[in-house]
Amino acid sequence: MRPSGRAPDAMRPVIIETGIVRHAEGSAMIRVGGTEVLCTASVEQRVPPFLRGKGSGWVTAEYGMLPRATHSRGQREASKGKQSGRTQEIQRLIGRSLRAVTDLRAMGEICITIDCDVINADGGTRCASITGAWVALRLALGGLVRNRVIRTLPLNGQIAAVSCGLTDAGAVLDLDYVEDSAAQADTNFVLTRTGGIVEIQGTAEATPFTEDQFMTLFGLARNGVQMLFSAQDEAVAAAESQTR
Amino acid sequence: MRPSGRAPDAMRPVIIETGIVRHAEGSAMIRVGGTEVLCTASVEQRVPPFLRGKGSGWVTAEYGMLPRATHSRGQREASKGKQSGRTQEIQRLIGRSLRAVTDLRAMGEICITIDCDVINADGGTRCASITGAWVALRLALGGLVRNRVIRTLPLNGQIAAVSCGLTDAGAVLDLDYVEDSAAQADTNFVLTRTGGIVEIQGTAEATPFTEDQFMTLFGLARNGVQMLFSAQDEAVAAAESQTR
Amino acid sequence: MRPSGRAPDAMRPVIIETGIVRHAEGSAMIRVGGTEVLCTASVEQRVPPFLRGKGSGWVTAEYGMLPRATHSRGQREASKGKQSGRTQEIQRLIGRSLRAVTDLRAMGEICITIDCDVINADGGTRCASITGAWVALRLALGGLVRNRVIRTLPLNGQIAAVSCGLTDAGAVLDLDYVEDSAAQADTNFVLTRTGGIVEIQGTAEATPFTEDQFMTLFGLARNGVQMLFSAQDEAVAAAESQTR
Amino acid sequence: MRPSGRAPDAMRPVIIETGIVRHAEGSAMIRVGGTEVLCTASVEQRVPPFLRGKGSGWVTAEYGMLPRATHSRGQREASKGKQSGRTQEIQRLIGRSLRAVTDLRAMGEICITIDCDVINADGGTRCASITGAWVALRLALGGLVRNRVIRTLPLNGQIAAVSCGLTDAGAVLDLDYVEDSAAQADTNFVLTRTGGIVEIQGTAEATPFTEDQFMTLFGLARNGVQMLFSAQDEAVAAAESQTR
Amino acid sequence: MRPSGRAPDAMRPVIIETGIVRHAEGSAMIRVGGTEVLCTASVEQRVPPFLRGKGSGWVTAEYGMLPRATHSRGQREASKGKQSGRTQEIQRLIGRSLRAVTDLRAMGEICITIDCDVINADGGTRCASITGAWVALRLALGGLVRNRVIRTLPLNGQIAAVSCGLTDAGAVLDLDYVEDSAAQADTNFVLTRTGGIVEIQGTAEATPFTEDQFMTLFGLARNGVQMLFSAQDEAVAAAESQTR
Amino acid sequence: MRPSGRAPDAMRPVIIETGIVRHAEGSAMIRVGGTEVLCTASVEQRVPPFLRGKGSGWVTAEYGMLPRATHSRGQREASKGKQSGRTQEIQRLIGRSLRAVTDLRAMGEICITIDCDVINADGGTRCASITGAWVALRLALGGLVRNRVIRTLPLNGQIAAVSCGLTDAGAVLDLDYVEDSAAQADTNFVLTRTGGIVEIQGTAEATPFTEDQFMTLFGLARNGVQMLFSAQDEAVAAAESQTR
């Protein structure tokens, strides 16, 4: 039995709200159960030095947690003077995942920076960030098309992410904080709508796991992301209907 | 005529919502027009080194802006590796203002850290932070009383803050970003409900101003904060009614 | 009765000596009682990036305390690896105050950096810094006129600063360290010779203060700065008579 | 055809030499083709703060690249003043992988720090680091047993790591730098001798990949690590025969 | 002919003034020609961690240059966020030199920190710092004896330092900035009054030099320091006569 | 009697191996007894800003210790976020010494960076670094001549370095760690093959030493470096014979 009473293959409720950050070219507040992440996409007509003059665009991401997103307050990274290894690992993952479905050459020399800031943390913040980030990116790119900066959406796919794990209740989908901190194995899947794999991360906490266990977790993730794709679709449709 | 069409002595609409950050002992999302700040209060049973064993509590504050709170994206302070002078100045002001109305000795050896994170910036973020921070602090202290950690609310007063300035439309109350960036003088007032002065900051941008002008701005502020006190009262009342 | 035996409206003795730092385009050592600050003005033919090509000059300031300026040795900020919030707040104030009386456009694309380094601290270091900084700036600008880099002095006014506070001896002028550390309220006024206000900072330490109290402090400051203006005049006159 | 002419399922030659770093409680220089990593294990009788007094040990890792391990010289992280996100990601992976097969409670309050420093980089440095790190850890733990600090080896398993990828030559084992920089997908597998999964990381570079492709890569890895286990066995046997 | 017209074996005028920094337990402003360094000694009843409980004292030093001590303004190390290699090298030299003549065990568990801050730089700042630092240290130790914290002066000797170099005018004593920046070789000697060597640093700039040349420079230094010892004696005598 | 049983004027065995770092334009692993340093030379067609467009080249050096080169593990400087004063002092010494025998103008606008990384430390790491660095530099310059980037070797001399010290066994050559940590005086000599002095550093640890003692140490060094020059010659000859 899961602590939350959910079925092993049950996602938490998902809500994606757009437009909350008014200056951003795209923004999405995603809530997956008690986890809440604010994702913004910022467009700049200027790529990083290594791409200048090469005719290609760039998508990158930064991740942060508000100090009191967690059970006890964490020190603010800005006052510590550096981002933790965990923060850097997550923001590299978000950026890499988005670039895997973006046609960077079709963007032209434009850089889009995605900021994912966690307001409330209850497990799965990196997955919620990726799922919300895709919406923010999609809306910013849609705006560029609308403003005729680019001709067509430079997106090769739609991505969403979910975590699965081996817990005392067996293999389960979409771990919350309580499950996550006691899981024997923790896996994150970033998948495309058409079934492609963008990123797989599987970690044994104290005991190695088997290939069969891994395939079970993979199956849970494949089903789970469908609900995220629907939430993304609704959010994008709602946002785009307002801009028309 | 003000860019927003407001009367010189008109505040922007103010809304304070509580409880958004679930782990925090007190939290308030304050919206003053297009400015939106998330304020949380975190209680720790552990004071900073200089106060240990002295029987006194502490209240301190940290301030941050989400990178895309502003018109163009600003670099994340956590990735820059340091907080700007402006950030430090503001967070020192918030902490100092709250301590001026808190009975630190009556708190016992407890430290409350207020985090003010700006989600949307449209002028007056430091004033909105102070006004919202007081609500978060008040709710956290209320919780300590309810949990019998302390006997009575260790608060000597209620504070709110507003900015006034000299603009092309004359002396005006509650500057938005457009007004703020073109003002000849910019003043911030942190006042108590009973008319006391907690902090006054007045700055001439390009031309010194006169004592008369200053007194006019002061008068606008005195009236303006009343609306903030009402919004604080409502927010506290609503939050406390839910916890009973 | 004040700890120093001074009358409530009495300044400490003020001496401003110029030319101590030989390489600097302008320099002033200011002593206000036991407080001693070395101020230098450095001219560079190169403005900060945000002003390049705009035909305007810039004035900025940096502040530091020698480690043993204070009663017990403070850690050197260079070895700590960062400037404290207090340091940044003060240097921002000094720069802002000087810019308020400088005609930046008339300077041309020249940057003047003022360094204020505290040799001995006995209260009022930020005010002494501003008063001394104006002399260093004035001398550096005078040199630019003499060297025909600019045609006329790009100064719209003369500024000086003084602190006043509410202490056990009532409202007093020009707080020394003992008074400052026990004051109920602490105010700093940066004023022009013609009576204009450049900056007002008033802070309640533990109890809010009233408008009347504030006006009393303001009155003390208005009188107090006159002595500073005279000391500035003498210092500038002495320095300029040597360069002729 | 692979750039190196290797068969798709062929590892590069592997050599593990021990004892090169004389002060270290365990050390291993691992060469996998042109990649060369020096791994040391350092034993301290002192665990990190979060474990003190809990009777449990700790294993952690740090990773670095000598500036000229790569084709063109990279800036030294010590002079840059921070470790890159990539460095932190890799050292977190190494530490996590080793902890998954270590019985931390059986170690007692001892901390073992593994340092992996890359002397020559030709692809697969994180995998070589993990494989070499296990040897260094094994030798250090063996020494603790020999010195009767602990009674039995607190190791639940033997781990090795290898990368596989989708390249123009199809799915291939043990990517070198040329293959790695052009791969469509890059996967790293940390596996135990008994077939358990400790860590899986799969990343699509520009195009998502399929589950079938992933399973092919997984199969290559399963075979490839056998050769690494043999090299580890020989290195440990040789080192231990000398200490007897 | 030297740029200054001095004879090859002529020192610049030396003046040492004491007591300028009022809070410091010892202070000396040393002027060697156009070089001016403010040296303070700060006493703390607390040694660094590696000495705690060992019954021994410590002497350490920090060095800094005010930004405009030099011909063109240098960036403030506190705002750069780190001390340069040159700064660190110099402050290590000062501390090491002082410790070589201090009986650390006789001090008891007391730490004396010497701060050397350069007000005006015209060559030889590290040598002037050492010479002035000894005076500040001597006065602080004298105070500890006077206050009966320690029984006798824990000093085994008196040190002074001077630079010599090979220039277009041959081997010369006490290089000023113009000579220093064009010298073929630059040597610094820290010597005791009784002829002992505390530190020798000799550096060829572009061409190696010979043993004979080195011995000539050494001879110049031996004579030159005598004048520094006299200036130290006078300064100490003057300071001590005031404290009686 | 020396701890190692060596005669006072006996060097430890010296071996210099080249070509270990495959990407570097020059590399040398030098072993002096138990001290082992990996030196690489990296060529870049780009000089530091202060030399751009001046037609001159540059040689600079960086130094590091692998964390477990020493008896107990030291914190990694990259994770500490800064290089120690000792590290900076040593790398400045290495660069300065190499520049003293390099004809920078003859190099053209090329920068060569020498990295010296200590694998095993047993005293004399800075001297071993300089001796090995010269070989790496020599090989890199030889490559530039071979590739016709420059016409002739821009080297004015050959340098090697050795430490001598006053220990309980008297004046001795080439101190190992045990001797170094207990020496009364420690001197480092960087000498050219033709007898020139490039750098002398002599430091009294607790007692000043005499000129006679210094000259004895100097004599030991003069003889000791001969063995280093031979080892350099052999290493260069072996490396160059392979490239032909």
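Here the chain labels run A, B, C, D, E and F in written order, and each chain numbers its own residues starting at 1.
Heads up, the rule we're going with is that a contact is a pair of C-beta atoms (placed from the backbone, for glycine too) under 8 Å apart; a residue touches a chain by one contact, two chains touch by 3 or more.
Source: prediction; values computed, not measured.
Common neighbours of chain D and chain E (chains touching each): F. Distance from chain C peaks, on a Cα-centroid basis, for D. Two copies of one chain, chain A and chain D, touch each other, and the residues they use overlap strongly: the shared fraction of interface numbers exceeds half.
Rotation relating chain B to chain E, from a C-alpha superposition: 120°, rounded in steps of 5.
Chain C and chain F have Cα centroids lying 51 Å from one another. Chain E has its Cα centroid 32 Å from the Cα centroid of chain C.
Averaging C-alpha coordinates per chain places the centre of chain A 59 Å away from that of chain E.
For chain A, the set of residues touching two or more other chains reads 81-82. Under the stated contact rule, the graph of chain-to-chain touches is a ring, a single cycle where every chain has exactly two partners. Tracing the ring of inter-chain contacts outward from chain B, first into chain C, gives the chain sequence B, C, E, F, D, A. Residues 82, 85-86, 88-89, 91-92, 96, 99-101, 156-157, 187, 191-192, 194-211, 214, 218 of chain D touch chain A in their complex.
Note for the complex: chain D touches chain F at residues 20-24, 27, 34, 38, 40, 42, 44, 62, 64, 66-73, 76-83, 87, 113, 115, 117, 119-120.
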